[in-house]
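Once you scroll down, you'll see the structures, which are given as structure tokens.
Across the two complexes that follow, subunit A remains constant while its partner is subunit B and subsequently subunit C.
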Partner chain A sequence: MAILDLVRLDKHFGSVAAVSDVQFTVSDGEFMCILGPSGCGKSTLLRMIAGFETPTGGDIRIDGDSIVTLGANRRPTAMVFQKYTLWPHMKVFDNIGFGLQLRRLPRAEIKRKVEESLALVSLSGYEERYPAQLSGGQQQRVALARALVLEPKILLLDEPFSSLDAILRVRLREELHRIQRRLNITAIFVTHDQEEALTLADRIAVMSSGRIEQIAAPADIYANPASLFVADFIGAMNLLEGEASSQQVRLGAVALPTPGGVAARQVTVAIRPEDLVVLDGPHPEAWSCAVEQISDLGHYRRAVLEVPQLPPMKIYLPKSLSVQERAALHVYPRRYLIYENSGAPREVSRPLPAAATALLG
Partner chain B sequence: MTAAAPSQSSPSWRKGIIAYLMVAPPLLLMILLIFIPALQSTARTLTIDVNGAPGFSISRYTAFFQDPISVSNLFFTFQVTLITLAAIFILCFPLAIYLRFANGKLAGAVQVLALFPLFVPGIILAYALIRFLGTRGTLDNVLSIIGFTGYRTPYLKPDAIIFGLVWESIPFTVLVLTAGLRQISDSLIESARDVGANSWQIFWRIILPQIARPVLIVFSLNFLGIFGSYTIPYLLGPAAPQMMGVFMQQTFGQYRRPDDAETQAVITFIICAFIGFLYVRTVANQRKREDSE
Partner chain C sequence: MSAQQLAAPPPPVEGFWLGTRRSFQTMIRKNGFGLIALVLLALVILGPLYSVVLWAFAERWQYPSLIPQVFGLSFWERTFARADIAEALPFSIVLAATVTLISAVICLPASYAFARMKFRGRQLLLLSFLATNAFPRFGLYISIAVIFFRLNLIGTIPGVILIQLVNTLLLMIWIPTAAFQGVDRSLEEAALDVGASPLRVFVQITLPMVMPALSAALLLTFVNTFYEAQGALVVGLPRIVTMPVLMYSLINSQLIVQYGAIVSLVLWAPSLILLILAQRLLRGGYLTAGFGV
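Now for the complex of A and B:
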């Protein structure tokens, strides 16, 4: 149970800045996900916290004490790696008990703790197996037990499920969530999988090119992406380039109102697919378009629309709505975000126009 | 799929014959040039002439083990082999670990230097060492320039043999150990550090158990090479005691006692075969254990 503070953390490899000016606090018992594309510096950041990389600048504090000068073997952190994490020549018992042996704990206590941690990851009775006798998912569970048995102040996870298949990944994700809640341990989870981050995290830190783009709860990040990068990276988004004038943004042949106006001339409008409402007929404020392609995704359908002079637009259609490819639709953007050159976007949310009815199928 | 179909349906006996045909030439060579001569030699050493007819006897072996010179040469060979092996491991382990974990130009240069002896024939190496280590050699001169005059050359002493054999064995040892170390992924070492192990504990508990096989390969193949070595002990070593290779050649060539040389050869062969047997058995056991996992 601990608080982690990252203070203006920098890491340069030669002239390349892998991590620059990262600053945030993870509170006691919080589950923080660091999310970003590969090469964004998220693993380097985690490795600095674990002690495998030395920061070029800044500080790392646990409960107020700086740990930057401590070696990895002396930090109160424990890490679960992506793969090849268990020592192949040791049985499960020794893999988990190794850290306890190094701490010179009595045999009986090591045995008790190893058994407890195996029970925690639902692998009781696997003590005598070798790693090669376990499945990939079981190996990662043992790796988790090995990290937890040391009762670390901070649990670090570096894409621990990324080498597993999709179904197993979801199952282990849920199990990890349950364990983290039960132990109330402060955890940092690095991933490039937004679904993983959105389902697990109390807060998500989105990283790009070594910098933090936004830190917020999953729902906030989804609803109000702070930058164009986040808007594009998290969830499906329609991004449209437009030219702003005093009261509206012109997007090809159509336009959207900008109540209060915008400062910049060149702006990007971001519309979530679910914020495009299908109307029952043409309307002056609706966009007329053609359905280019429909994919059936089980409980809903995703369509790509062709709006004249605009890039293809994504939209979700309820299954009950009987729309075929090539059909004409009239869509109305109910909510959208306007991004100027920099800074937070302007959010526009508006009701359906008078005399228009949404088609719900 | 269509191309693979005929070979899949071809009877297994035909595949078996092809496989035997492929291994036949080397197998035949081994039988003709190694096994049969070895058996013949061994048989001859156990045979004496009893009134014109051959009879069984171990008298040649009792003679070998009663002769103080023979025994001291055998003991000396063991001594040199074991000291050389220890020196090889002490030198090559740090080198291999450095090459496994270091990057950059310096590591590249060290690797080239470590592999260089591989391309130097033993006889050239021996003369180079004589020039370097001998009285009035490079080392002696450099030491006297800096004011040290008490240099006593190891040339024609056992130390010079060990020096030469170690130098000759470095490339192979470093190659095999480095290859073994590269099989251990970084995350296995980092996770050991993460749970609190220091460098020494990582070496003993994580690295060494995982490179048991490369260590065994290096131990046994170096043992065989050193135990039967000839050029370096002949050119650099003392006149007495001698290593078995030199001893055999001298018994055969200078003293013209082929029967005794044969006995010495069989004893050397049996010791080496025993090490070879240990190696094969350990590898086979390890493979069996891995298959069962």
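Now for the complex of A and C:
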């Protein structure tokens, strides 16, 4: 049972606001990812929870009790760092057992717990190694074991896999997911890798310039990005600037209908590549375009389309669809989001026009 | 010359020598300069050593012989029978240890501050420790001695300790500062995170990691202080006589060369022992495991 509450949290470094007005709750056993570009304040936020930075304002509560005044060594949190932070002069056993020794646990119990936690990260039998004798992936697993052995109320992870190679990163990510589910521990994971966030998280908090842009489940964030920043940051997205009138948004030579009630004149239309449907022929409501470039990505192909007077657009093509570069295509935006200057976007979802057929290859 | 003779393989012995000579020639041709430098270096380093060692064990050595006519240990007995040497040797060891200890007490916290704290003039202060090494030492000592004279520190143990401390500052500040800077902050944070108090983090995480460098600084400081003669000479005489000072006077004023040679050999011993210790210290423990040696 561990619930983390962040209450209007602020952190200023001099005149620079690293974190401003962050407020959310992480419920018991939840895996929360804080996602954002580098310098957005996500690490500072995590370091405030761990106790390495003192907030300028606001409160941090675990199970309702404020921990802001506690030093890092007295907080019921445990952190896995970005860099390898095993103590080089201690064996793996002592690295993991250090926190237990500080708690004056009996020797036999320390031994049992260290063995258990090593088994949890699939490194049984590595007790007598020194950190320098382990690979990068093994070191981070030991660091995870070191954090878990203390049975913290909140597990904090600061881009723990970012210094590992791609294959290892995916493997450790899956392992972490399994361990977190098994222990049902409340975890906060900071990352700039959206794939990592989308696969691991129960909920994602997207951060930008010290503020939370959106907090939602991965599917939700992907389907309904609350702001233009999130729309651009998460997944592939075609962003088209246009002029809105009462009936439609004009985008260069083409136009899209609006649901009405769009107040601003300057809007941005966001279309996911998979929401562009390829029709079998020209149609008044479809956009005629040329295929600029095709990249084969194994199970599907990604193409860049050239629509007159618009920036290049990304689209996914099934492999079965035989399209060459320079060929002409007719695409129909089936679903799109209209962003005004601020506030939630308007979602437009529409059926295929009558008498048109989608090309599925 | 018949064809048979031509076909016959060269005699192995001659071939062997031929090969050696040829490889030696190519060596000279390729590394001629390096080889000459090596020989010269050996002469420069080993020449005086050779002379000192021989003199220490010589009973009689007269020109133009290259080695002493009579070897013997009688001068060793006579050397250690001298009251001034029996007194100066233990005194020098205790003095060097004391100076090293005081230097550590002053410099180690300072170097931690230099490594971990940001304050104004930090860089300038750090550079200022070079000052004692930037000028001719002797001039510095003379001007300090003038001040010490007014303070009645001339010829006293505190005076000698003070002047020798000046010498230790650079090593004892710079090496530990670099070592403390080398300890990654996040290693300390990780220890804090699992519940260690700041003091415990320092003692159990930071200190062990800088220990090899600290030991090296301590050893070097001890050895340097043990051999320091100029400062001790200027401030210590006439009442305080350390081993190097004594050696100076033995070499300068004695007609018997053996005393100087034997004292020189005795003075080598501490640095030799400490160097061996330092090697053990730097090689042993986690460093070995750490670098996979």
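Just so it is clear, the second predicted complex is superposed on the first by the 359 of 361 C-alpha atoms of A that agree within 3 Å, B and C clash if a C-alpha of one lies under 4 Å from a C-alpha of the other, contacts with A are read in each partner's own complex, and residues count from 1 in each chain.
The rule is short, and it goes like this: a residue touches a chain if its C-beta (ideal position, glycine included) is under 8 Å from a C-beta of that chain, and two chains touch if they have at least 3 such contacts.
What you see is a predicted model, and the numbers here were worked out from it, not measured in a lab.
Engineer: Clash or fit: subunit B against subunit C, after overlaying the two structures on subunit A?
Structural biologist: With subunit A aligned, subunit B runs into subunit C, so clash.
Engineer: For A:Ala50, using the defined touch cut-off, is the partner it touches subunit B, subunit C, both, or neither? Pick first, second, both or neither.
Structural biologist: Both: A:Ala50 reaches subunit B and subunit C.
Engineer: After superposition on the shared chain, which partner residues are touched by A:Ala216: those of subunit B (first), subunit C (second), both, or neither?
Structural biologist: Neither partner.
Engineer: Mind working out whether A:Val278 is in touch with subunit B, subunit C, both or neither, as first, second, both or neither?
Structural biologist: In the superposition, A:Val278 contacts neither subunit B nor subunit C.
Engineer: In the overlaid three-chain picture, which partner chain does A:Leu123 touch, first (subunit B) or second (subunit C), both, or neither?
Structural biologist: Touch status of A:Leu123: no partner.
Engineer: Quick one: is A:Arg103 in contact with subunit B, with subunit C, with both, or with neither? Answer first, second, both or neither.
Structural biologist: In the superposed model, A:Arg103 contacts both subunit B and subunit C.
Engineer: Looking at A:Ala78 after the superposition, I want to know if it touches subunit B, subunit C, both of them or none. Which is it: first, second, both, neither?
Structural biologist: A:Ala78 sits against subunit B and subunit C alike.
Engineer: Look at A:Arg146 in the shared chain and tell me whether it touches subunit B only, subunit C only, both, or neither; answer first, second, both or neither.
Structural biologist: Touch status of A:Arg146: both partners.
Engineer: Give the stretch of subunit C that clashes with subunit B in the superposition, choosing among 1-9, 19-27 or 37-45.
Structural biologist: Only 37-45 shows clashing C-alpha atoms.
Engineer: Need the overlap of the two footprints on subunit A, from subunit B and from subunit C, as residue ranges.
Structural biologist: In subunit A, residues 50-52, 71-74, 77-79, 81-83, 85, 87-89, 98-99, 102-103, 130, 132-133, 143, 146-147, 150 are touched by subunit B and also by subunit C.
Engineer: Can you check the complex and tell me which residues of subunit A touch subunit C?
Structural biologist: 50-52, 71-74, 77-79, 81-83, 85, 87-90, 98-99, 102-103, 130-133, 143, 146-147, 150
Engineer: Mind listing the subunit A positions that touch subunit B in their complex?
Structural biologist: 50-52, 71-74, 77-79, 81-85, 87-89, 98-99, 102-103, 130, 132-133, 143, 146-147, 150
Engineer: Would you tell me which residues of subunit C are touching subunit A in their complex?
Structural biologist: Spelled out, the residues of subunit C in touch with subunit A are 184, 186-187, 189-198, 200, 204-205, 208-209, 285-286, 289-292.
Engineer: Name, in rising order, each residue of subunit B that touches subunit A in their complex.
Structural biologist: 185, 187-188, 190-198, 201, 205-206, 209-210, 290, 293
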